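Look for subunit A in each of the two complexes below; its partner is subunit B in the first and subunit C in the second.
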Partner chain A sequence: MRRWRALPGYAWVGFVVAFIYAPILVVIGASVDPGYRISTRSYLVFPPTGFSLRWYASIPSSFWQSLWFSLELAAIVAAAALLIGLPAAFGLVRGRFPGRFAVDALFRAPLQIPVIVTGVAFLQSFYFIASLGGPALQGSLAGLFLGHLFLATPYTIGSIAASLQRFNPRLEEAALTLGASRLRVMWRVTLPMVMPGIYGGLLYAFLVSFTEVTISVFLAGTSTKPFPVMIFESVTSDMEPSVPALSTIVFLGSMLLIYAMQRLVGMEALLRSGGNST
Partner chain B sequence: MIGLRILAPLFAVLLAASPAAAQKKFDNVTVTIGIIGGPWIDRVNAELKDEMAAAGITMKFVGGTAQDFLAKLIAAHGQKFDIDVVEIDDTSYADFRRGNFLAKLNLADIPNLSDLDHSMYDDYKVAYWASEPGIVYNVDKLKAAGVAPPQHYSDLANPALAGHVMLSDINNYTGYYEILGMAYEHGGSESNPQPGFDLMSHMKLQSFGSSVATEIQLFKTGDVWAAAIPAHIGVRMFDADINVAAVHPVIDGHKGATAHGYLGITQNRDNQAAAEFFINAIIAPHLQERLYTEAATIPINNSSMAKVVNQVRVDASGTPFLQLKPEVVAQTWVPDFSKVDKRNWVRQWQRAVAAQPQ
Partner chain C sequence: MTARWGLFLLPPLALTLLMLGFTQFIFLKSSVFADLGLGETGTAFTLENYIEAVTDPLYLNGMKLTLELAIGVVALTLVMTYPVAYVLTRMPARTASLLLAAIVCSSFVSVAIKILGMVIIFAGDGLVSRFFRWLGVIETSMQLLGTMTGVVFGYLHLAIGFMVMMLFSVLQTIPVKLEEAAQIHGASRLRVFWRVIIPLSLPGVLNAALIQFNLLMGAFVTATILGGGKVLTFPVLIQRTLVMFNDYGLASALSAVLLVIVLIINIAATAAVTRRRVAA
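Let's turn to the complex of A and B:
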């Protein structure tokens, strides 16, 4: 009887999951359609009319290079966002200084500015720096890194700050009472407790960078073209037929990454993003 | 000895004329080219890679529209820009010139211009593709709905087509043609587009097209039955097994319209000669014919037009998609964009979009 009562809930969850994954299923299905000759196949075919891996075999090397570049960029951005976000989150949650709320608002400002405005502003700033004899950041990895870091850092701060706010400071007090040094408390008590927030922040920063298009369109160069920009360009005019194939590979890679995180960290801990969850 | 004296200069002349000497035209120069991205770049790269490499030029590409490159140039604020050759369209050319973003071309270094009409180029730009903005419609869908094929832009406002019409976005050059088409049909003009916007605000549209891929997809799925898009996209749809036909509405007494894509060179280039070499290559007849075959864009030089007019693509009823006869093309309508107040147009566009019936 209890099982029957739970059925509508399961049905609803199933519907939501199907709704979320339906577009991905279309992309996966279209990626194995044999299709037409490359010059005329300009649309997705779903359901597939057959099964072929020809589009997987014909992914242009430039797409692979772009994908690898984006992975590297996102990893660097995530690491840098953590370096900035961790002390910033501590300062904002634990700090008692005048203007704390203003600083908090400042750190969140990148999320309130339209991304296209951010892109133009960065590009203008880079040209201005170059005009003063500084490095030419436009079209460079460094330029993209700065643009992505600007966007990703608020997410990292938010995630870590959420962990810290839920963290019970009495645990630290207990450790101090038992004779641990402040550094030891930080290393052995505080950081492990907020680790889900750190993992969450890293993941957010990585995803923000990996999927970012708008800023990248302005800041990308000929040899520094992130993967989403490559995809965007390839569907702006005609559809590059190997895009669904590559998208499927990226999707499966993401699933693998999430599975690995689940095994290594535990997604439930990450999702809870609270210090008392570990 | 005397023979050697005579032969040495002769050898020198022969060497200078050899392919090896041609390779030394440029000394490993890189030209960064900003044109429409995706498969269009792939086509251009595939066609010109060897020729450019033989001349000592390495091509690098940045994908984007004329509007994208204009935005980047404005952001660069007069500083040295990192793209040498940029895509320009009819609607953005005045802005490129007003910003003084374009270098004056050495037309003598682009010998293939001799095959182009003077209207195709000037001191700052050279046309490299053309299209015919008009209407493309799904023959089967309209037949099933009992709707007569549209003949005018205003026919897209037919209530029987409500929810199945796509207009081009105003960020796309075609967006200006459809508004002007509707405006002219109701007494408006370039300087008075309001009748066009008024009609648009009463149309229940399926979407605004901004990419060929989306347009073809929406026709294929049957969501869109008719759209204000260039006729050459109809050719690509037809190749993708969609039974479409194209219409070239009469605007201001002209049957059909013509739009051009141009290339210009940005200011202060060290490699302007190499950039001009690239422009010369892309307007060569054989390349223009290849682009017609592959992408159905209309060639811009006379000799290519003379050839492709015999290879005109037709729809299921045998009607040509494109108007290719030179005497017909010469009579097509080209808007006077100097009378178009773009900033005001965008505002009116946004108002018309907001006023759309739900």
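Let's turn to the complex of A and C:
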């Protein structure tokens, strides 16, 4: 009886997941299609007309380079976002001082500014710095790093703050009473408890950087082109036929990463600390 | 002890202030000078860029279209994902985490790639067209590329995965016991949903909806590819002004207009819900 009542809900979940996956499945299908046409606007077709891995063999080295560049960028952004997010989250959740809400709002400001405005603002600022004789940040790894970090940090702060808020401070008091030093309490009690938030924060920051296109289009250079920009340019101008193959590889890679995360902390713990806490 | 925790905030705060304040100041500054081309700007303060930004029908229509699209798609996304997130929180944990993992994986795929899939689906002889032809709904082909419908679908894909994740984290905080308590007191399932679940999740839902709204107000990739140059949203217009016409002054003024409108909507929506919560 109860099972039957849950059926429409399950069906809806199935429908939405199918909706999310439809374009991805089509891309995977196209990646193994030996004979798809890329002439005119009719692009690729689905379902595939056969099976072959020829597109996987013909991925240009420039695309591999840009994929590698994106992975590096996302890893640096995630690490830096953690370095900023960890003290910020502790300060926000545990600090008691006037103006806490203003500080909280300030940290979240990057989420309120439309991304294209952030892109324009960073581009102009980089030109301004260069015009004063400073480093040329536009088109550099450092420039992209700053732009992505700006976008990713609020998610990391939110994720860590959320797991910190659920944390019972009595546990720390208990450890202190039992004679542990403050440093030891931090290391052996507090940090392990907020670990899911830390992993979640790293994941969100990595994800934001790895999939960001809008800012990257403005800040990328010819030799520093993140992967999504490469794909964007390929889709808007002349289509590189191995793009579906490369996209499939990225998708499979993300599955491995998520599987590892799942084994490490579990999906629920990861999402319980969501990106939009406090 | 507590005062010391606040000190941790100082380095991150200084960095955020610097990145936020400096970049916003520079771009706002360039919006009030005439653009002379080749990166040169005038030295006299002028509101010319703003006057053009708020009087030219091209930009006015662009803003109207962008607001309609963003609000419409956020509403549609909420209706689609709220039940999904709710069912996920009440489902056996193993199945739920498997589905969530699938959704997280899908969000690793860049929008540009999802759009590529959409392009294949929507292309003249693509899947959707052939399906509708097979049904006999249309005679020849169905062109979604370069149409509003295509852009709406693209925006949905942009928002939906992330929305499920955010709503899940909100709904998960509502204990099942509250529902059971309401049911024991005779409330129907629908009534429990309407009077318990929805009000309790409202602040979190609003937060998620605003993040998505801001995201859609600032995205230009989807509209550029799926709109095929025919759906001119505000971000698309900004990008054109910058890249095609190299008019940094006007692009900055347009960005400032977009920023102010988005901020006002954010503040108004947050204030409305806060007041509701205080009243309740």
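Everything below uses one rule, namely that the second predicted complex is superposed on the first by the 244 of 278 C-alpha atoms of A that agree within 3 Å, B and C clash if a C-alpha of one lies under 4 Å from a C-alpha of the other, contacts with A are read in each partner's own complex, and residues count from 1 in each chain.
Please note the rule applied: contacts are C-beta pairs under 8 Å (C-beta built on N, C-alpha and C of every residue); 3 or more make two chains touch, one makes a residue touch a chain.
Only a predicted model underlies this, so the values are computations on that prediction, with no experimental measurement involved.
In the three-chain model built by superposing on subunit A, subunit B clashes with subunit C. Legend: residue contacts after superposition of the two complexes on their common chain; A:Thr236 is shown touching both subunit B and subunit C.
With both structures placed on the common chain, the touch criterion links A:Ser58 to neither subunit B nor subunit C. Using the contact criterion defined above for the overlaid structures, shared-chain residue A:Pro110 touches subunit C, although it does not reach subunit B. In the superposition on chain A, A:Tyr21 contacts subunit C only, with no contact to subunit B.
In the superposed model, C is the one of subunit B and subunit C that contacts more residues of subunit A. Of the two partner chains placed by the overlay, neither subunit B nor subunit C lies in contact with A:Ser181. Once chain A of one complex is fitted onto chain A of the other, the partner contacts of A:Gln138 are limited to subunit B, with no touch recorded for subunit C. When the shared chain is aligned, subunit B comes close enough to touch A:Ser223, but subunit C does not.
Once the two complexes are overlaid on the shared chain, A:Asn168 sits clear of subunit B and of subunit C alike. Of 203-211, 257-265 or 329-337, the subunit B stretch that intrudes into subunit C once chain A is superposed is 203-211 (criterion: clashing C-alpha atoms). With the contact threshold set out at the top, residues 41-44, 120, 123-124, 127-128, 131, 217-218, 232, 235-236 of subunit A are in contact with subunit B in one structure and with subunit C in the other.
Subunit C makes touch with subunit A in their complex at residues 2-3, 5-13, 15-17, 19-20, 22-24, 26-27, 30, 39, 80-81, 83-84, 86-88, 91, 93, 96-121, 123-127, 145, 156-157, 160-162, 164-166, 168-170, 172, 189, 204, 207-208, 210-211, 214-215, 217-221, 224-225, 235, 238-239, 242, 248, 251-252, 255-256, 258-259, 262-263, 266.
Contacts from subunit A toward subunit B in the complex involve residues 36, 39-44, 60, 120, 123-124, 127-128, 130-131, 136, 138-139, 217-218, 220-223, 229, 232-240. Within the complex formed with subunit C, the residues of subunit A that make contact are 5-6, 9-10, 12-13, 16-17, 19-27, 30, 41-46, 84-85, 87-88, 90-92, 94-97, 103, 106-107, 109-118, 120-125, 127-128, 131, 146, 149-150, 153, 157, 162, 203, 207, 210-211, 213-214, 217-218, 227-228, 231-232, 235-236, 243-244, 247, 250-251, 254-255, 257-259, 262, 266-268, 270-277. On the side of subunit B, the complex with subunit A involves touching residues 32, 36-42, 60-65, 68, 71-72, 75-77, 79-80, 82, 210-214, 216-217, 220, 236, 239-241, 294-295.
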